Structures are given as C-alpha cells and as structure tokens.
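Worksheet: one structure, shown below.
For clarity, chains are labelled A, B, C and D in written order, and residue numbers in each chain start from 1.
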C-alpha cells in the first residue's frame, strides 16, 4: 500500500513517518511539507536519518498526490478543501484534523468559529475510533481521526455511560496534556521552554475547548471538560469524574471497563489502585485505564493515559489504516512504549 | 523575636530558613537537623551560603530548644509528642505537620492510620489559615499550619460554599502538585528524576488522600479530591468543580471571590479568562485564583495556584507567626515571585 | 535613590524588578516596556502582584526617563543610542547589553556584526564586574554590566590566569546554560518547550559566540568557548579547562581561588570534590566554584555556577548600583537562593 | 535465536526488551529479575503491556539460563562470576557491564576499586564497538559492550586521533548525560526529581570517572574526561576538544569523520554548523556527529550525541548480537528516533 503524508513536518506528520517507517505492509512514497520543500524529511526530524522515509525529499503543497492512502496532518480547514478531490481520484483519506469529526454543524460553527465541511462530504466520513465502532472503518474511504483529549476521555467513560453504570449528568473531565499537543507551528510565549517549564496551567476553561462537543458526541452525555498544560513533551492524562448510578455496586466500574476492552489490542484496564502514568504509554499506541469509586461521595473516578501523538493522533490513524486495508489491526504498532 | 526551626534540612525547613533570612523582625537562632548535626545549614542548602541562617550549625534532635517561636517542620506524629513541653516552657509553636489540623479524631485515625494528638493538646491548637479566620491566630500559642493541597483548595472554594453560590454536594477537586510535595526524605522510585520526568500520574484516588478531611473541615462540605504528581519541582494547581446553586447568576462567582479577598494581602482574584499558572506564584506567598461557569452544564470551575512550599507550607507559617507576634502580616513575605 | 528600568518586561528587566522590590535604598519609580505600555508591570510578571513595583504602569519607549539610576535591559544596539543623553541629564546608567563591554572596536564589529558605540561614549563606560576591579565602579556614571557566560567563566579562571597558576594557552570553557538565557523575545523553535525539553545541544561552536572576546578581555588570554543549551530555565555552569603551569602544585589551584575571593560577598569557593550545581545558586547572586587537577594529564578543571539572570545579569547590575551609590554592596541581594 | 535477558527490570534490560520485542530474528524466551520474580515483565515496564516479551514472567536470579544469546544487564562484578559457565554451556554472552571492557588489569583495579575478571576469561572477550573493529565481533562468544560515555566520546574522536588529524596530547572531553545513566537502582538524593530538576552538575571531575581508561584504551591517547548530569531522562552529548595537528587544514576534520563513517549504518556525520542535539537520537541507535575548528586557537571541537540507553547500551548490544549471529547489522534497530 502506497502512502502519502501531507503535513509531514509537523508533530503528527513526523510521528506518522516514524511509525510507518517500520510498518510491514505500508510504504511511504510521498511526504509533503511546504516548510521543508525539496529537503529530505530527516531535515525536519533528525531521528529519521538512515530511515527510508527520512530520505524522501519533501514535496511542496502544490504537488500531485500519489498515495493510495493519504494522511492529512494539517490544520483544521484544509482537509475539507482537498478531501473531495482525493476521494474522486480513488484515494482513501485519513484526516487527523477536526474537519470531519462533528456530526453537528452548529457545534462545529460554535467551537471552531468556522464553517463545517460540506454536508455531502461529511456524510462520506467515518469517525475513526475503533474501540467505539470499528466495523464502519473497515469500508471507509474517508476517516475522521479523533482528537487527542477526546480519545483519552472517551475510552475512559464510554463503556460506563453506555451501560448506565454512571449517571449521564454531572460528568467532569479534567485533562492534562504535554506541550506537544499544541503542535509544532504555535509560537505563543506560553509554549516557550522558559515559561512552560515548571508551570502547570488550565486553558479553555468553562466548556469552550474544541474537543468538548466531540467528547459529548461520543458519550451521548454533556461534560464539563477542562484541559491543562503540563510541563512535559508528550502524554495526556484524563481524570474523569461521574456519579455512580443508583443501585450500582462500586465493583461494577472496573469490571465493566475490563469487559468492554477484553479483546481490544490497545486498551489496558488495570486493577483499581494501579494508577497509570503518562510515561507508561510514551511512544506506544496503548491507552491504559484504572478506576475506583469514592464511596463517601458516590463518585466514580476513571483515569486514562495515552501518548497524545500516538493513540491521540498518528498511532490511531495507522490503526484506522490497518482496518481500512485489511491489515492486522496492530501492524506497525506492536512496539512497546519507550521508558523511562 | 528568636526563632528555632526543627526539621531544618527538609524542604519545608529550608524554605522557612530562606524566607526568614530576610525577615525584618524575626531572628533564626537555632536550626535542628539530625542529618546535618554539627554542620552549617548551608551544607543542606548551598543557596544559603553567605546568609546568617546558613552559617548556623545544626543541632541534633536532642538539643534544648531556644526559640521564642518554634517551627516544627517534621513528619506527622512528632509534634504531638513535643509541643506540650514547648508550650509549657512558654514558647509558641507553629506546626507544619498534620498533628493538630483535624478536629475530628476519627477522621485523623482513618486517614493517618495513627492516633491523634491528646485531646487537651489539640484544644490548644488554632488552625492557621488567616484568610479563613485570622483573629484566633493572633492570640494562639500553638498553630496548626494547613496542608498544601488544602490551602489551594480551600481558598478557591470556601467563599463560594459559605455564601451558597455553589451547592454543597458534588464538589470535585482535581489537584496537580510538583514533586517537592513529597518531601526530601521520600525515596520511592516514582520520585526519581528518570521516572517522574515526562510523567503525570494520579495517586490517592477515590477520596483516600490525607488532605481530604481537612478540606472538608474547612468547607463544611464533602469533596471528591484527587491529587496528581506533575513533572515540576514546585507548585500546586487546584482545579475545583462545583454546581452553581439554583438562581445564582454566573457573574456572582468571580464577584464573590473578589469581594471575599478584597483586603487579603496574599490572595489575588484574577478576571475570568485570565487563568493562573503555577509559575505565577513560584517562590511567593501568593494564591492566585480565577473562575468561570460552564453555563452549558451549570458547573462552576475555580482554578487556584500556590507555591506548595510557600503559601502551602513555610510562607503561610511565617504569615501565622506575623499574626501571632503582632508584626505586619506581610513582613518577610513582600518579595515577588521568581519568574521565569 | 530613584530607579528607572528600561526593558522592564524582559527576563532581565523582570528580575531587576523582583530584586529591587525589596531593596532597602532604591525605589523603582518607572518601568518602560513598549509591549506592556499602559498596563501594570504585574501583567508581565504575575508574581509581582501585590508588590509596589508590580503596580507601576509601564511607560512606552518614548517616555521621558525619570530615574537617577537607569537600568537598560534591552537588546544590544539600543544603549549606545540613548546613554549619552541620559548621562547628560545627570543620570547614572547601568547597561545590561553588550554595547559598552568590549574595549576592542574590531572585536565588537566581528562578533556583533555591528558598529560599536562611539569612542567618546565608550570611554566613559566602566566594566562592571566588582570581583575583577570594584574601585572604578564606585565613581562610574555608565557601567557595562558583564555577560552571563562571561561572569561564570571569568570568576572561575581570572585568579588562576593572573597568578600564573595555569598556562595562558589552551584554555577551554565548556558552558551549559538554561533556556532563559535566550531572552523573552526569542521565538526560534529550538526555544519551544517540546523541542528544548529532553534535549541538550551546543551552539555557537568554534569560537564564534559573542561572549568569547569579552572573556578573553577579562582573562588576557585566548579561550575556546562553547556554549550549550540545557533543558532548564535558569542557571549557568561553566566547566573550565586549563593546563597547570610548570612547577605548580595541584593544591595551589583551590588555594589561589579561595584566597582571591576570601572577602568577596558573592563568591563561594568550595573544597575540591564538593562540586556545585546550578540549583545551588538559583535565585541568588552567588557564584559558587570548585576546582581540581587531573594529575594524569596536568589539566586544571574549574567548575563555576551562577544564576544567569541574577549574578549573570540583574543581580550583578544591582551590585554595581550599590557600589555606585555607596550602599552596602549586598543591599537587596542578601536573600538566599531558592531550593529545591 | 533464543534470547535471555538477565537484569531485565533495569533501564538497560528494559530497553533490550523494548527493542527485541520487534526484532525479526531474535526471540526473547527468558527474562530474569529478582525484584519482579514471578511477575510479568510488563509489571516493571507498563509500556510493554500487550507485547510478547511483556507477558513473560520474570525468573529469579537462581533460574537456569535458557537463551542461546544471553544479555547480562546487571551491575559490574556479576558477569565475571557467571560468564564462564554460560560460555561452557555453549551460550553466547553480551555483557553490558564493565567486567570485560578494560584490557589493563591495573586500570580496572584503580577505577573500579575491584579485582578484574580472571585473565583466561577476559582473553575470550571481544570489545563490542562495531565502528572500531567489527570483524572480531562476528565470531565472538563473549562481547564486552562499551560504556555509554565511551561510545559517544570514541566515535567522536577515534578517526581523528588515528589519522593524526589531532594531537594525542591535551584532549578534553566534556560530556553531558541524562539522569537515566545512573541506572534504576540508584537512590541518591541527587537523582530525585526535585533536586535533579533545574540543575546541571559535574561529577567525577579530575579524571576519576570509570569511563576514562576505556576511552583512553579506544583512542590510544590520554584524555581529561568530565561527566555532567543534566536534567533530562535520556541522552548523552560529548563535546570533545583537541588540538589540530600541525599542517592540517580545518576542512580535514569533518572530511575525515565523514570518510571514516561513510558506510556505517548508525553514525551520521553532519555538516559543520549543523550541531546535533540529544533529542535527535532519542530512542534510536544513531550517533550523530558534527565538528569544527576554532581557528583562532587551533582547537578542534567535535560534538557527538547518542541515546545512552540505545547506542550507549541496549541498541549497541543488539547491534553486536546481529553481528555475532550473522543477521543484518541493523535488524531490529531500523526504527527512527522518537521526536519530539
């Protein structure tokens, strides 16, 4: 399978290149980066020196796309302009931006301050979180790859909301992210080392962060979502709070999660008390989850961790590609996490 | 005023020494550290080289205490054994441990897995959070200095709970702390650099952390409290969630906080949207707070930051000393935070 | 003494404000920052909330300067344009930029790629490293505050070169700096958190860094100087290598340093083997030094640490002000370092 | 090829497991860790959950060894006790400790304060740095895997010393390492997060670090070697200084390095000025090098970076295994580095 990566010099694009460099069935044949046009991709990612993908010269953004599979790893707003033509050429598209994630146009307008993709195009898109519903992904031509916070939050809560283990009202998600979540192109001072280091800060407080409606779409329940910036490069920890539903025993929480994910290759449910750390999943496509109940207050607490650039972006995109192409779902993603 | 610091080589003790080294009215005359017995305090804190307090040789733990004011900066369980005698000698005691914080003996037994201090001794202790109630501190002989998480959480929520702006049920506090909160003597691998770096993790999940009952005592309301370890040395951010009470306008939240703290020298209420970062208070005795309401879900979100070793420990202890001694409350604490 | 800080919202300017906020004899009456024009300085440095200096509204860059003492904490090239007029108005000027540091015009042109200050103005400037020569500073009207790397390197080596303990040829200085050394306005990607974190890198290799000629001017000897960026916010460690001069006993190295700095308030010479760490001086005006000899190769190794923003910039500038004004040299700088 | 990892729960052992988990020709059949005896290896490395190697229960240290290839990733002093028996059983051994690195017994005694391995056993060991001499490794039964600092330093300098491009006298190596270099079992306070963070420090100054004689053995020249601890988890940067030999043109430096490594799969020589950063090689087996000459002083400066746990330990060990087993040298090591 021949693969093109558009936006190859960003953090998400680079992670696609790193992971695909050892994929047994996919072959990166094209990398597009206006910034590095004409230079080998290893100029953007020195760690790719001596890999095949690292040696590929970057095409500019006006290049003809050649891949059978096209990963779009660029800012929201771009995919909706180019995906139609790519599909018409018979290519399959995996979009890492938010362009096709929300079914609700109004929510898109409200949270993204922009027009959503045309209805006809959006209808062709399949939401690509395999653990929620992998069947439609297998035959999809256009996949909307989920947001990073969304992935951690949804995997933590969806089985509990769906089964009624927790109440649908009063869900709080307090998420902590490494700074790479902001992307490579952001130059705000708060992403600078001297200001981000030794500093933890909330942002997008009060239900205004763009990932809020996507989480709500996945859960079918309203949430209060607060993202935070933590002084680390990678990783997301979502600490999720919900009310234990009436008549449910506390033991049911972990049991429900364990049962929901029993056959999932990338979701690990740990025993109560064995709390996961973002370092546990660095560099891997795993989501690790543990839960408990504060019986004093009847509050369920679920903690889930992912690597924001892997399961939260490039890794999940490759998992989607594997499904779309009939490869083993774990192909190219079997490597363990990097630790410490 | 002559001051003794017991436990001077720990993180809290060192911060007392640092802050008191330029205090206009207090004079450290004795530092006690068994580990550094016989060596100048600057052996434990090279940054105190060339300060008067740094040159003081450490007494062993069997030394006679000489200070009029005695700071106890040692593990919980010690103060309850020595405070009585110190008080009988006419000294005033500020205890940075948990020995005298909880009024409820049973809560102490449950959360600290240990017997509380004798009733008679506990009755002499005054809880030392000036913003809650500073009058009793002025005449106290024994002050229980609050916990670090407790300080950030209480200052964020107390005015809202007391005035009924938020409901008393369903409060969630998600707190993030730098690693120095664990103290200097902890050697668990999870405090080691290679494992703590690039890692955010929850711990004490499910309402079992020792600071839980102390927060509840201050608020008069149950809370679900979850602490997290974040890869930074100093700082606590408490993100607090509560339900906006019926009939209360969102604007009332920030207004209530601003009004409550209008005359407080160390609490800064920032406008909605101007979210504080732990770096904003590093090295200073400030608590900075901002709040908003997620109107979609009716959830109040209050974010407060402190330096866990200053307002969360040594700085607040000195603030208490100032009150006890009739000094200006800000004496020795006027310096701005260190940034970046 | 009334003080103006020009460039008050940069890292150096902010550190001046922090340190001067508790200075017993100096009073900041004016802060100039085009970026924060009209806003209180605490908008740029939230840690200065509730300090007097933090409440001062920033003047724009066209404001009339009012201070008796004027700190210029702006990019090189500015001071040479404004210093003359300030001096003519009777103000005393301390310039934290490089405009007046080099006596050799040609070196200035080579390393700064710019014309040096006019000869007449440069002649009025005194080089402000008190440990090298404090007498001229006392009567100076215009002080050139040394570079950060220069301070760490010079204090480590000057006594050894001057006394002939080490050879003048073959000196190597390998310096490691925290990222704040780049200043607040630099937006290069290599200063971004996600790229600077977990990364140590050299830059300006091969004798091309601007601080090279200034170190050589101080030592009177050629040096190979290599700066490195280390993932921390503050601090410089200079590891200096020189050949032990013929006939000199290894013990003479530490003895010479100890003797040279015996009466210096801000230089601590530690015993051989007690190696200093940058954390030991964070937030303080200290320079800590330790040395040894690799007797197998006859190489002297001297390690010195400073806080790049204090002894490497604002602290040393205040030390110079104290000398110029006849204040105690340590006024406002007595506080110990912040640790951990 | 069946593989046993002894010391599997240490940092080096875990990295072997991570890298071998996707090796095409080697199969980890046994992991030995007394600490995790009876528990799956993923208990020690949660990132290995869902990998085959992560599921293997750890044997205790008394288990019979089963692998054809045995990696010894334990403290120095152990391999010399067990290697003989393993060899006698027909197994091939790759020792990551220092037991067989030094040919000079006296140097071993001096720097390791311990008796070296028996002469007969040492004679069977081959030093395993393929770039120095890979032929003997192909037929080796016992390989001494090089030290981490040694690898970075040797690769930077060996071609220059061997060809006489630099003088053999006066070589200085200033190396900076992440904290994982200390190993997982070290509990000194200086490895704790709160004390290691925001701190750079030298140690083993003056030619006393254990890697000194190994570097000298590789170069055939005396060196002044100074290691430093830098606040990052992984990575080594060696900044190497040497005198340009008489009559050699500066251009010869990079040209010689480039020529020496032209066919090396894991050594990248970058153009002058394109300085490598430790992040460029994180997680990969690459060594990246760039050099220049300070023509003012005639000093050659070579900067080389490796991941201390990969090319500095586990990756190089696998490279050696590949050579010993006739596998492609890059098998299992093709993946690019992780960035950011």
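The rule is simple: a residue touches a chain if its C-beta (ideal position, glycine included) is under 8 Å from a C-beta of that chain, and two chains touch if they have at least 3 such contacts.
Predicted, not measured: the structure shown is a model, and the values here were computed from it.
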Note: of the two pairs C-D and A-D, more contacts are counted for C-D
Of the other chains, whose C-alpha centre is the longest way from the centre of chain C?
-> A
Where the CA atoms of chain B average out and where those of chain D average out, how many Å apart are those spots?
-> 45
Centre-of-Cα separation between chain D and chain A, whole angstrom | 35
Scan chain D for residues touching two or more other chains and write them down.
-> 11, 178, 180, 194, 197-198, 231-234, 276-277, 279, 282, 340
Please name which positions on chain C make contact with chain B in the complex.
-> 11, 14, 17-18, 21-22, 45-51, 53-54, 180, 197-198, 233-234, 265-266, 268, 276-277, 279-284, 286, 288, 334-340
Can you check the complex and tell me which residues of chain C touch chain D?
-> 170, 172, 174, 176, 178, 190, 194-195, 197-203, 205-207, 222-224, 226, 228, 230-235, 237, 239, 241, 243, 272, 275-279, 282, 290, 292-297, 299, 301, 303, 340
Within the complex, chain D is touched by chain B residues 11, 178-180, 182, 184, 187, 189, 191-194, 196-198, 231-233
